[in-house]
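Each of the two complexes below includes subunit A, the first together with subunit B, the second together with subunit C.
Then we have the complex of A and B:
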């Protein structure tokens, strides 16, 4: 195939097989769910189909690990893409297995819910693999639209609709400003392909600094919203609190990771030649995000809101490393971001799945309702403690190792001031993580010390996540090697 | 020929009006209309750039087409959510939908 200029187009659909498989399965899940009465199928079919689709897509992505090819100059399948594909599929897989009891009990429209999770995964995968602005924009919207609906699906919870409305209205404004920013970049460079933009911008002064700066600011506003960077974070705590817990986990893992992937693709690619223009904006945003996220977390009483602010703080550390990408340490800083992202996601999933099971048992999500959990369910208390300690960056757990690598990469790029703020913020964060741990271990349970157990899938997922938390904390080489390979694909 | 600045100014004015509408209106429906206005400004920008600077390719025009389509989808989705909120609370005012603070 050739395009209108006579250049050859590579239409090798095999490259897109993981995405295609997930799309087909998501449509199947939604379609079968719509006709489940007429077809007389049991309630386990949608979740089974969703899991089957994810497993097939995961296998296909693993088979494509060593690819480096583009699809029609729209999508690049390289090691960076493969890293994120495997990460995103694994997140959805773990989430569905770990919290399917919650989904069946507390989510309305279960089948559609699974379909939406698969669609959101596809959007996230395309965000990491796009090599052209329009494709990236459509991928962002595929992820966001699926999540707007998923947030509103908590059964009999008034907060859910409100959360979704806030998310969709603010999200619309953010996409509009992102698009205005992209139109400015397109106007200055006349291109939407990443490598063409990069070529025009590195060729020298375009003489159009004002539109370029406006474009950069608006792009940072739009992406900052998706990444919950301060001061565009106002939707985050509300959406996190109102959403069903698995969606909260999805928002804090996949949605954040996909935005960071896009940040790396854009600011480490087409926008790298004008790094000096955006570095100071992004450092300001990173500092504000670290400080505000960690300080406001101190006064939270709801565990989902606490984790929302904690994830805002974590985003600050990663934005700081993106500033380092602009200082010419692209490959090191990118690999550090990917390592920290993977560690953060393993930890966050452990905490969220544990909280899901706690909610299944007690129906409560206040921090004070965790009183005496160490007596009524010592296993779950240990899991939550390990997760929170890892988020705070305690040694022996993966959070320490990844945070160390991240901070080290930023220091070697010469941003000592940023790292100082990060270290102080990270110390503050220990306090609010310990508040939860204190409730679990230092108080007596309020309603008797009756013991309760998790379901089998609950034990399997939390134990698997806990083991990877400890193993990667002590021996992080495989994680580091994978991240290094992914970063090498980009630079 | 009309200079490109005219179109860009129109786009900027529409975008600014939309942003002002989002900040000043309290009804969810009117906020959605204001977001549409912002997106109209974006489309004008893309079309102007495409026809003045990038005449042999169509990326800008295709971008504008997609912006229009996605905006329509977004409004459909958001109206569904507004409808759900209205069923629960008998209001589409965003100030009254504030169970959650801080």
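Then we have the complex of A and C:
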């Protein structure tokens, strides 16, 4: 405990070790890459360093799993934080191992790329662990700025620069909205600490209804942008299409999960006392997101855009569950969201890494270019099919189990109407996932297409993800237990 | 007892299904890379099962006091498979194993016959296509069967129940190039599925009533009167429907004779010794509940009785050697259900055990004949005892056991059943059952005479015939020994020798186990009746079977009725063609026109149209996107402020 400005603060830096390690390694990767000619080092050093940093940070996070302590009243290291720390580090780890060939081949500034991924991971981790509005805001910006640059790094793809520009400009608008919203909340409550805001809001009428409600709207818009909620989603397909595929995967996994973590922290914490004021906003946004995301996906011809709309639809299901968090079943709904998030991420990574390898081999990303993949690479076709079926929520795969838990939690909270929309929307989603499967299995490959194989790391990562897809699909109890523990940390 | 039981015992029963599952996975994925296509892995798996079964029996004795089984915590192993809990909701499916005397009897039968069949198959299936795949499916079957009899949870038992059905389907259709095999596989799967639906309904009903899938919890709840009697009767009859399908009881028995299209060793294991007694196991497992719902128990009794009799009459006229055995299996299963129907669980399980040995022996013997001659219709066999002495000798031992001739295994177990029936039900039941036993002796004698005695009717087949290799005769000899001696287990002294303070009546938990004593008068009646059957068989079918052929003219209609299996197959086919397909036609029309073309296609076009319109909101221009955000802010603000 240290006294600063008359406040007693806990400055136990051990709590921040995972983040600190990742920061140091990201600087190392970027620094070494800048001087690689002068130092005459092999091209494998950046990726090796990035992986080493991630493994160390993962180990440290696992060691801190049972902690429940705050750092300087800014960061809370509890089971919720640990869940997301481990999740985010694992995502980056799997992505780098699974697609390093693509990164070496199709990304300019490889070292910076790895460094940015590590920085973005730190940002995401801090978003999940912040216990104070401004810290959370800075964490969002750390994640966003890293990604603005990373999106632009696809080598020899002009769409990449365009995507980055759109992302940064619109991100600025959203960020302004979010900050404005936060300032209104601060103005009403006089606090930025979550628990203090919660105390003020639950104490009763603040007398400042209009700024509070406007603040809520602006916060939902800001976070909704990050979560690709309709109508703040429009950047998503363009950014997904232009970005290097691993960044697209990162956007759809870490960036989305971090936003959902923040949604849970805020709407399950400081803003919970005024749940009735935001529930109907979020319900509307969730319905719009589920409907628009899944309908427009039907019309796509590019696999990355298809997955962009699919992830918009998926975010709709999660926002629906955030509504349920406000209905007095906070812990159940939160753990359901976490279960679904974990399942969604495993599945999404499998699909994206498979698509990355497909692109590596063929250089194509149109849905029709998957024609006959079941013959030219039956293994990869099976992986993609399993991933898409899991996204659609087919039984035996993890997507079914997690979606079932999610929908069940929302029904228990009394939002049958929302779940009805979600069920119809997931039925529609099966159609566009099957469009891809149909190309792979029902059509002959182009003449002259030869059988091809993945790289060893490609096989290892996809197989590991596929096995977890099936194992958690059949035996979801461990996933459920972990999510339950994480949710318990928050409530 | 050795200390090893501390490390491997009833708690480790999950090892039993785990070992063959591993064998199945390795063989099915890597059989092309393995020497001998991996058949040795299946054998190793079976040996492991036998070993673990031995340890389980050693451990099991520790729970056996004063002739009764005292379940303890140690016989249960469990972990949560699915646990979904919320403030107002708990849904739990455990994976659990539960071992008691009933499972132990099943384990003995499965492990011994399984090993014998696997060894035998190395000789029988040698050089065939899909040799490795056969062993993979055999391992899959054994895994599912072991899971079925060790599972403490109805859900896992049901999964295993379907698993053995799947393996059975795959093995019946092993020679799928043959139209008849493919048809038979389909028939077996669909017919047993009809019963399985009943089982599923029963499971759901029991779960609704008790909130649990745990078998012991359900039994405790049902026997303590927590479930209404009518409800419970319906649920238990639904469970019995599953048993009727799987154990080929009337009216769902029609699949078993056709199932003989599969490789003969698979028939021996699946369609004689193990899978078809799954129904008996199920009813025995729930026997405490059937004590409460006596209406359901009577249904079991009369179903078993009718099946036993009908199947025996059909066995009299069948010419395919394997199908005769199939009918005899159906008939013997009927005996077991009769025993269950009078509450004699011990007698039923005893018959399960002896039947497993002697019927597997008979099937493997018939396989040896088919292997040597390439023929399986008795019209083309005859005189084979000269060519195949070992096969003939062991087949005769099996037949004596089946016919119920004293000292052979079948005599003791059948005697127990008849004894139980005479003490319980009306004399009518006893008379029909004793008559069926007589018929059994007749058709068994007929089969032996036509196959191994007389003069060969197909010279070329006879000339090429030879004794089978030792991988096949070895199992025959061992099963021959068991078919002779396994009945002695009924004596208290033999039971004590194995560490149980009593015979089979004590091994299988009963409310009132009776000490075994031979009722001489009773046994002599049974013996005389069996011997009469053998003599009748001899008179009609010895030599050129002239009397039997003449006998057909007594009543050609009756003969035709039996040969055509009471026209039940035609009846079912007619029902399927007229009723099911007719109804399906109407449904298909509705589905095509109303659901698909109007509803689905219309809906899809509607949805696709919306997607198409919405697509144009995505212009690619940044100001438009920002306008989207701004509109969102405006609309939401107006909404919240208007609401406030």
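Definition applied: the second predicted complex is superposed on the first by the 482 of 491 C-alpha atoms of A that agree within 3 Å, B and C clash if a C-alpha of one lies under 4 Å from a C-alpha of the other, contacts with A are read in each partner's own complex, and residues count from 1 in each chain.
We adopt the following convention: contacts are C-beta pairs under 8 Å (C-beta built on N, C-alpha and C of every residue); 3 or more make two chains touch, one makes a residue touch a chain.
Keep in mind that this is a model prediction, so the values were computed, not measured.
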Message = Let me test your reading of the model: by the given contact rule, A:237 touches which partner, first (subunit B), second (subunit C), both or neither?
response = both
Inquiry  = So in the superposed three-chain picture, is A:406 touching just subunit B, just subunit C, both, or none of them (first/second/both/neither)?
reply    = neither
Message = If we overlay the two complexes on their shared chain A, which of subunit B and subunit C does A:476 touch? Say first, second, both or neither.
response = second
Query = When the two structures are overlaid on chain A, which partner does A:138 contact: first (subunit B), second (subunit C), both, or neither?
reply = first
Ask   = Counting only touches as set out at the top, which of subunit B and subunit C does A:355 meet: first, second, both, neither?
value = neither
Query = Who does A:296 touch here: subunit B (first), subunit C (second), both, or neither?
reply = both
Inquiry  = Quick check on the superposed pair: does A:216 touch subunit B, subunit C, both, or neither? Answer first, second, both or neither.
reply    = second
Query = Can A:173 be said to touch subunit B (first), subunit C (second), both, or neither?
reply = both
Ask   = Should A:398 be classified as contacting the first partner (subunit B), the second (subunit C), both, or neither?
value = neither
Inquiry  = Output the subunit A positions appearing in both contact lists, the one against subunit B and the one against subunit C.
reply    = 165-166, 169, 173, 177, 237-238, 296, 299
Key: subunit B-facing residues of subunit A, complex   = 4-5, 133-134, 137-138, 141, 145, 148-149, 152, 158-159, 161-166, 168-169, 172-173, 175-177, 179-180, 182-184, 186-187, 190-192, 237-238, 241-242, 296, 299
Complex contact set, residues of subunit A against subunit C = 165-166, 169-170, 173-174, 177, 209-210, 213-214, 216-218, 220-221, 224-225, 231-232, 234-235, 237-238, 277, 280-281, 284-285, 292, 295-299, 329, 332, 405, 408-409, 412, 428, 431, 475-477, 480
Note = In the complex, subunit C touches subunit A at residues 80-84, 86-89, 604, 607-608, 610-612, 614-615, 617-618, 620, 622, 624-626, 628-629, 631-633, 636-637, 639-641, 643-644
Query = Residues of subunit B touching subunit A in their complex?
reply = 8, 11, 15, 18-19, 22, 28, 31-32, 35, 38-39, 41-42, 45-46, 49, 53-54, 57, 59-60, 62-63, 66-67, 70, 73-74, 77-78, 80-82, 84-85, 88-89, 94, 97-100, 102
